[in-house]
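Heads up, the next two complexes both have chain A, just with different partners, chain B and then chain C.
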Partner chain A sequence: MSCEVLVLYFAKSAELADVRSERICVAQQTTSQQLWQEIVSRHPRLAALRDHVILAVCQEYVSIGDQLLLLQPGDEVAIIPPISGG
Partner chain B sequence: MFAAEDTKSQDLLIQNLENILNKIKQNKTPFVNENFQHFLNTKNGYLVSSLVTEFLQFFDLGCTMAVFQPETGTLHGSDRGNLAHVLGIVENENTRVGPLLLEVMKRCQNFSSRGDGSSDSSLPVLHNLVTELPLLEAKISLSNKAILRYSRQLVLPELGVKGQLNLSKSSVLIVGCGGLGCPLAQYLAAAGIGRLGLLDYDVVEMNNLHRQVLHGENRQGIPKSLSAATTLKQLNSEVEYICYNMTLTSKIALELIQQYDIIADCSDNVPTRYLVNDACVLTGKPLVSASALRMEGQLTIYNYQGNPCYRCLFPVPPPAETVTNCADGGVLGVVPGIMGCLQALEVQKIASGIGTSFGQFILMFDALEGRFRNIRLRAKNQNCAVCGANPTIGVLQDYEAFCGSSASDKCRTVHLLSKEERISAQEYKKILDEKVPHLLVDVRPPVEVDICHLPDSIYIPLDKLEKKNLDCLNHLKRKLLEGRLKTGEEMSFPVYVICKLGNDSQKAVKILQDLSGKELGALLAKDIAGGLMAWSNKVDPTFPQY
Partner chain C sequence: MNAVRMNEGTGEGKDMIKVTPEKLSAEEVSQMVISPCCGAVSLFIGTTRNSFEGKNVVRLEYEAYVLMAESEIKKICTEIRQKWPSVKHTAVYHRLGLVPVTEASVILAVSSPHRDESLEAVKYCINALKARVPIWKKEIYGEEEYCWKENKECFWAKQDKDPSLKNCQESSTAFSEMRLE
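Showing the complex of A and B:
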């Protein structure tokens, strides 16, 4: 079963993906690593940020790895690289 | 009469020179001594000698330079444009009628005199060293003056007298007096915090003023920490301000940070963020951290009541080339303003005893969409190198090496090309004057081209060139063809690449070199070192700087 989620790209990830948000179709049951892979396959330049982002699903941090996710249609996925300007 | 005065001046000058020469001959007091040599080798020494040189040259007294030039070899012919830029002096028709030394003097006068003409004897003291501060005394009760001053927040049940007294015995170190630090310091001073440490290594520049709201036009060239304290003192003289005009380094961070109750990270670079984090963990201080870029902001409280630290979330620093600074990326002034205000709120909540809501959350501000999002963060990482169960970091590190970037937000200078593959702005001016056939390619983003550009350049943004965008390549091919038709020669066609500072142009030359001989035909690509800012400094002072 797949479902459509909303991916939000912040800071550097929006620049590298060249988009600020988009709806993508992903498997409802997936791991955080698979979800990240799915996003990177759409925007290969994001691969450089792998260890330098917060990945959040429904405004909750998930570590990119084996963590199991049960996604619902419309869920919000956020890619958040830190910014350092001031 | 004028001729007579001239002769008189000349005689006087010759007499002086003779006196000096005689002194040198007698070798009683060496004219160029070690102190002088040492001073000239410092940045300030260079500036002072450049100012003197410029002064002499302004009045055509360059000949007197001969007296102290030969021994030192460090006094270059002064480049007024460059010197003015370094000193943060923006030249206009009023400044050009006098030597730069006069502008420096005017600036000091502006700064030290207040509106009523009297000098302010209570100017904050600038620290260049970390010294031990006396303990902040806890007050038992509020004075009538304090009750009146803080009455509008005293009547808040959440704060009350107890909260206000807590504020007055708290000290906060603000790392960075820029876009975040200014509003943060302003609200903390207004609210009656006990002591504010203000740290910044930089001086006020014109391009800071749109967001760094404690500074002002007459503060250009003045240390930011001092400028901030000067403004704050007028807002609330009861607060104690300690100005640190220095870079936060591993050497001083622990000694400095342990003297404060709460640390606010308002810095503008990655190495400082890791340094402040580690120092806060090692000294057990809460870290109220915010950042802003373009139209986005982030806020988190690290290392507070068992919550994660910066390293728990970001164990590895991002590759330097993926980090954007304010100069390159831009920042809308009010965005760090909002984030700094949120920092002030959280600092006040922690200091007064209310407590913070952001220990395990990151607040994201999207200014474009007008939305705030709170993202719940992970718990403390048990494997964290600095705050985990078995930390490997017990002393502060070399954070510039760790991050592969410098502890400032100044643009990095890349070195991709050899000397032969680059030309100076002056050399390019000569090419233009001699009408040598060539193509000038400006690789800046369109938004920067809109600010200013050289005539007759074609625009191909670097990111499009990197992606080998077909439209752009065809455009380039067409222009090259036109150029070759004009010269009718089969030689490698000269292409000069320009950007703002001469970094992106080097990357573009590398790409063009790859394409040369293939789809674009033979071309000889070079970049203009220093870019348009060098053009403005060295060739055309009327060309804007940004």
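Showing the complex of A and C:
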């Protein structure tokens, strides 16, 4: 089963992907690593962020790894490069 | 001596959180946390600097994942109340967009009956904000030279001190700035 999610790109990741947000179809059950790979396959320049990027799914941080996600249609997935607020 | 009962003294504490393109005012933010039951207001103001490692910073731009930034700040405020139950009000304001050098990018205020709690809470708050609130700062050095900064508190940042300009662009392709609705 696949579903459409909204992917948001910020800061360096928005520059590399050259897009701020887009809807993509992904497997509903996926690991965060597979989800990241799917996004990188659409925007290969994002590979430059490897090992120093984290995801947020429905506004909660998710490390890129084996963690299993159960996505729902319309869920928000954000690409979060290292932060620098303050 | 008459004992005066202050309703505000027993009222609920408030967390006032704002991520905004508007200019921040220390006076306004500190006023928000004032309470008759509190003898202390602690304030932290983060301001923008004009140089980084000898480079002249022309301007700074902040962007945020606004809804998540606000929810992460709210979590920090909740933690503050667990750690320092006497804390009365908190206010966390972060500016977005272009911030001219010397102006405030972030202002935090915490009130408590006595000073120790508000002082400690304000320090905890700025450290936690730098570690996990999704906000990004771009330092712009010149025409086409800029750098996305990385807080040392950010656990997924590349921690090596590589002097190469990994996040810096010496001659960038034009990138259109769009605001996420």
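Please note the rule applied: the second predicted complex is superposed on the first by the 82 of 86 C-alpha atoms of A that agree within 3 Å, B and C clash if a C-alpha of one lies under 4 Å from a C-alpha of the other, contacts with A are read in each partner's own complex, and residues count from 1 in each chain.
Basically, contacts are C-beta pairs under 8 Å (C-beta built on N, C-alpha and C of every residue); 3 or more make two chains touch, one makes a residue touch a chain.
Please read these numbers as outputs of a predicted model, since none were measured by experiment.
In the superposition on chain A, A:A11 makes contact with both chain B and chain C.
In the superposed model, A:G86 lies in contact with both chain B and chain C. Look at A:A78: by the touch rule set out above, it reaches both chain B and chain C.
Across the two superposed structures, the residue set of chain A contacted by chain B and also by chain C is 10-12, 15, 20, 51-52, 54, 56, 59, 61, 63, 78, 80-86. Of all the residues in chain B, the ones that touch chain A in their complex are 176, 178-181, 265-270, 273, 290-294, 296-298, 313-319, 322-326, 329, 331, 336, 362, 364, 366, 368, 373-378, 409. Every residue of chain C that touches chain A in the complex is listed here, in rising order: 46, 62-65, 67-69, 71, 94, 105-106, 126, 129-130, 132-138, 148-151, 154, 156-158, 167, 172, 175, 178, 180. Put simply, chain A touches chain B in their complex at residues 10-12, 15, 20, 48-49, 51-52, 54, 56, 59-61, 63, 78, 80-86. Those residues of chain A whose C-beta lies close enough to touch chain C in the complex are 8, 10-12, 14-15, 18, 20-21, 51-54, 56, 59, 61, 63, 78, 80-86.
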